[in-house]
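Each in C-alpha cells, the structures are laid out below.
In the two complexes that follow, subunit A is the common piece, with subunit B as its partner first and subunit C second.
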Partner chain A sequence: MFFLSEIEHTLMLPPHLLNRPLDEAIKEQLDLIFLDKVSLSLSLSLSLYFLHLLTYTLLADSYFLVKFRLVMFRPFVGEIITARLKESTVDGLRLSLGFFDDIYVPVPFLFSPNRNEPVPGHRNRVNWIWNYMDEDYSVDAEDEIMFKVHDVSYPPIPLEPKDVKPFAPMVVTALLHGGGDLGVKHLDCGEGSIV
Partner chain B sequence: MKIIEASAGALTNFELLDLLRSRGAGKDASRAIATVSQSEFKVFDYLEGTVACNQTREIIDNFVAECQKFDLAKAEILNIVNIRPRNEPELFPLIEECESRMEDKAEELVETITRILPPHPSQVDEANEEAAEGEEEETEPEQAAEGEGDGEGQEEEEETEP
Partner chain C sequence: MSAEEEENAAELKIPDEFLKAKCLMNCEVSLILEHKYEQLQQMADDPMNQMSQVFEKSLQYVKRFSRYKNPDAVRQVREYQLAEFELCVLGNLCPETVEEAIAMVPSIKVPIISIAALYTRGRAHDDEAIEKMLNDLSLIKKFE
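This part shows the complex of A and B:
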C-alpha cells in the first residue's frame, strides 16, 4: 500500500527560516506542503524519504528547486489489509488504519449471512453479526478486520459544506467476503483461525 | 510542482517501518524529541501492530528468493510479506486463481511462509501462554504448598482458565 514518488518542486523559504540549517528548513516546508495530504497522482503522502536524493539548487533569492522522494499511501485494488473498526452503522462498517480513516464496507460487501442489532443509546450505531455455521459472531471494537480493497475513489471537493462529516478526499471501498476467509480475526483465538 | 516519477518503487510495510525507525520513531518516551511528525507516528503505530515489526531485510530477501519457484506476482508476494498468512485459508484471498495455479503447492508455500517470516509478537505470546498454562497445571499442587505471595497469583490464573 506504500510506494515512492519522485517529485520536483520549486520552494520558497520564508525569511525567518533562512538562518536555520538548510536541510531542516526545507524539510519543514515540504512537510507543510505535502505531508498527510491527498495530492499528486492521487495518493496520500506520508513521509519524506530523503536518502541522498534530496538535492536543491538555489535559484534566486530564497527560491530552491527541490528534488525528493515521498512515501505515498495508496492501496491497490485487490490488496489485503488489516484494520480496526471505527464505526458501525446501518450503511455498513467504517474501518481505520490509525493514519487513514476513510475505509468503508458497504452492506453488500459484508460477510453473509448477516443481521444487525441497534446499539441502545446510540442513534445511528448498530452491531453487525455474522452467522457462520450456525454460530453468531459480532464485530467488536477490539477485533482486527482483514479486508480486500475493492476500489479507491476521490470524490470531488464540495462547493458548499454538505453535512457535519469532514470532507474525505480519498475513500477506500472494502469488501469482506468472497474468495476465501477474510473477515474478523478474533485476537483471542488460540489457533489463529480466521472466524 | 512536477511529478518526475509517480511510482518509483513499491515498499513493503517493513521498509516503511525501517525508514521511520531510522528517523527516530520509537515506542517509548523518545517520541517527544524525534524528528517524526504526529501523522508519521500514526503510521508507525499501525505498522508496529502488524507482522512487519519483527521482519528484517535479510528475512524478506530470503523469502523472495524462495518464492521464485512458486511463480507468484510481485503484488502477491508483497501481500504475503505484509500479512503473513498462517495457513491455507488465510492464503487463498491473497493469490488470484489460487486453486488452479497452486494446486498442491499451497501447503508448501504456507510452510515456507511460516518458516521464514516471523509471526507477530502477540501470536507468539498466545502460543507461549498456552504452553505455560499446560505446565502450570502440572506444577500447581507443588506450588500450593508454598508461601502466601504465590497464593494470589495462582487464584488469578485459575479464574482465567477457559
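This part shows the complex of A and C:
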C-alpha cells in the first residue's frame, strides 16, 4: 500500500551547498537521505512530493527544520498485491514489483497441489507447476501473481557482508493459497484463479 | 514474525503512525508520479538523468496496476464511507463479487452493515450493500 506522510526533519546542509538556491539544495539532501530507503516507521520511500508547500526554517548555522511530504510504500500483513515472477528455485518463488523485489514465497506457501521440474541448463532454477482441476499450470515470467502479505520483516544490517546477495532491509513473505482470489493470472485465459 | 506490534489488515489494526498518513490507491500514486515526471521534463533538458531508477520503476508499476485513469473517477471512489485502507485495497483490486471483496478485505463486513442500516428500511442485508458498492465502483470505471 502506498502512503502520503507529512514529515518534520532537522536537516544539516553541508557548507558547499549553501550558495545554491535553498529549495534545490534541501530537496537534493532529502532525496539522498530518504529516497529509496527503508526508514521512518519502516517504509520504503518513493519520491519527494510537494516540498515547497511546507516549510523550512533556519535554526542555527546550517541547520534547517524541514517539513515535507513523502510517498511511501509499506506493505501490510493481510494486504493483497500483484507482482511478477523474479526467480523460481527449490526454496520457492521470488516476486518483484519493479521498484521492490524482496518478496519471497516459501514452498509451504505456494499454491497446492504442486510439483517442480528442474530447468535444464540452470543449476538452481526450477519450474513450479500447479495442478488445479486436473490441469497443469506453470508459472512463468509474464504471469501476474496476486499474493497476500504474510509477514514483513526488517533484518538488522550485517556488520560484515555475509554472502553475495545484496542486503535487503525489508523482506516480505508472501502467501499464494488460503482463500480468496489469489493465484496466477494467466494472460491467455485472462481469469484469476481461485485457490 | 516481525517484532513490531501486531498488525493485521483483516481486523483493521494498523500501527498508529499510519493513521496520520494518508493511504493512496495505485491510481492516485500514478497521478502524483506522472505530474512529477512532467515537471522534470519541463525543468531539465535531460529528464531521464534526474529521474532515479526507483522513480521510473514505481511509475511503471502504478501505471500498470491503476484501475481508474482520470482524477474525477478517483475522487468519486474516495467518496465511499469506508476506512481509508479498505477503500484503497478495493480501489486497487476491483473485486467483481461480494465473496471476493470480503475475502480481500474481511473488515468491510462490519461497517457496511451500519451504513446499510442507515439508508434502508427494514432488515439490512449486508451482502446486498456490498454488491451495490461493487457495482457502483465498476460503473465509475466504465464511465470515466
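Keep in mind that, in the parts below, the second predicted complex is superposed on the first by the 185 of 195 C-alpha atoms of A that agree within 3 Å, B and C clash if a C-alpha of one lies under 4 Å from a C-alpha of the other, contacts with A are read in each partner's own complex, and residues count from 1 in each chain.
Rule of thumb we're sticking to: a residue touches a chain if its C-beta (ideal position, glycine included) is under 8 Å from a C-beta of that chain, and two chains touch if they have at least 3 such contacts.
Given the structure is predicted, the values throughout are model-derived calculations rather than measurements.
Undergrad: Mind checking subunit B and subunit C on superposed subunit A, clash or fit?
TA: clash
Undergrad: Report for A:Y154: first if it touches subunit B alone, second if subunit C alone, otherwise both or neither.
TA: A:Y154 sits against subunit C, while subunit B stays out of touch.
Undergrad: Who does A:L110 touch here: subunit B (first), subunit C (second), both, or neither?
TA: It touches nothing on subunit B or subunit C.
Undergrad: Check the residue A:L93 against both partner chains and state whether it touches subunit B (first), subunit C (second), both, or neither.
TA: Neither partner.
Undergrad: Contacts for A:V71 in the overlay, against subunit B (first) and subunit C (second): which applies, first, second, both or neither?
TA: both
Undergrad: Between subunit B (first) and subunit C (second), which does A:E8 come into contact with in this model arrangement: first, second, both, or neither?
TA: A:E8 contacts subunit B only, not subunit C.
Undergrad: Can A:L30 be said to touch subunit B (first), subunit C (second), both, or neither?
TA: neither
Undergrad: In the overlay, answer first, second, both or neither for which of subunit B and subunit C A:I145 touches.
TA: After superposing on A, A:I145 lies clear of both subunit B and subunit C.
Undergrad: If you stack the two complexes on chain A, which partner ends up touching A:L176: first (subunit B), second (subunit C), both, or neither?
TA: A:L176 sits against neither subunit B nor subunit C.
Undergrad: Can you list the residues of subunit A that touch subunit B in one structure and subunit C in the other?
TA: 1-6, 31, 35-36, 41, 46-47, 49, 71, 73, 76, 78-80, 82, 97-99, 179-181
Undergrad: Which bits of subunit B are touching subunit A when the two form their complex?
TA: 1-13, 15-16, 19-20, 23, 37, 39-40, 42-43, 45-46, 50, 75, 79, 82-83, 86-87, 89-94, 96, 98, 122-123, 126-127, 130
Undergrad: Under the stated contact criterion, what part of subunit A meets subunit C in this complex?
TA: Interface residues on the subunit A side: 1-6, 31, 35-36, 41-42, 46-47, 49, 71-74, 76-80, 82, 97-99, 149, 151-154, 179-181.
Undergrad: So in the complex, the part of subunit A that touches subunit B is made up of which residues?
TA: Spelled out, the residues of subunit A in touch with subunit B are 1-10, 31, 35-36, 40-41, 46-47, 49, 67, 69, 71, 73, 76, 78-82, 97-99, 146, 148, 179-182, 187-188, 190, 192-194.
Undergrad: Could you please specify the touching residues of subunit C with respect to subunit A in the complex?
TA: Within the complex, subunit C contacts subunit A at residues 1-2, 4, 7-10, 14-15, 17-18, 20-26, 28-29, 32-33, 36, 52, 54-55, 57-58, 60-62, 65, 85, 88-89, 93, 95, 100, 103-104.
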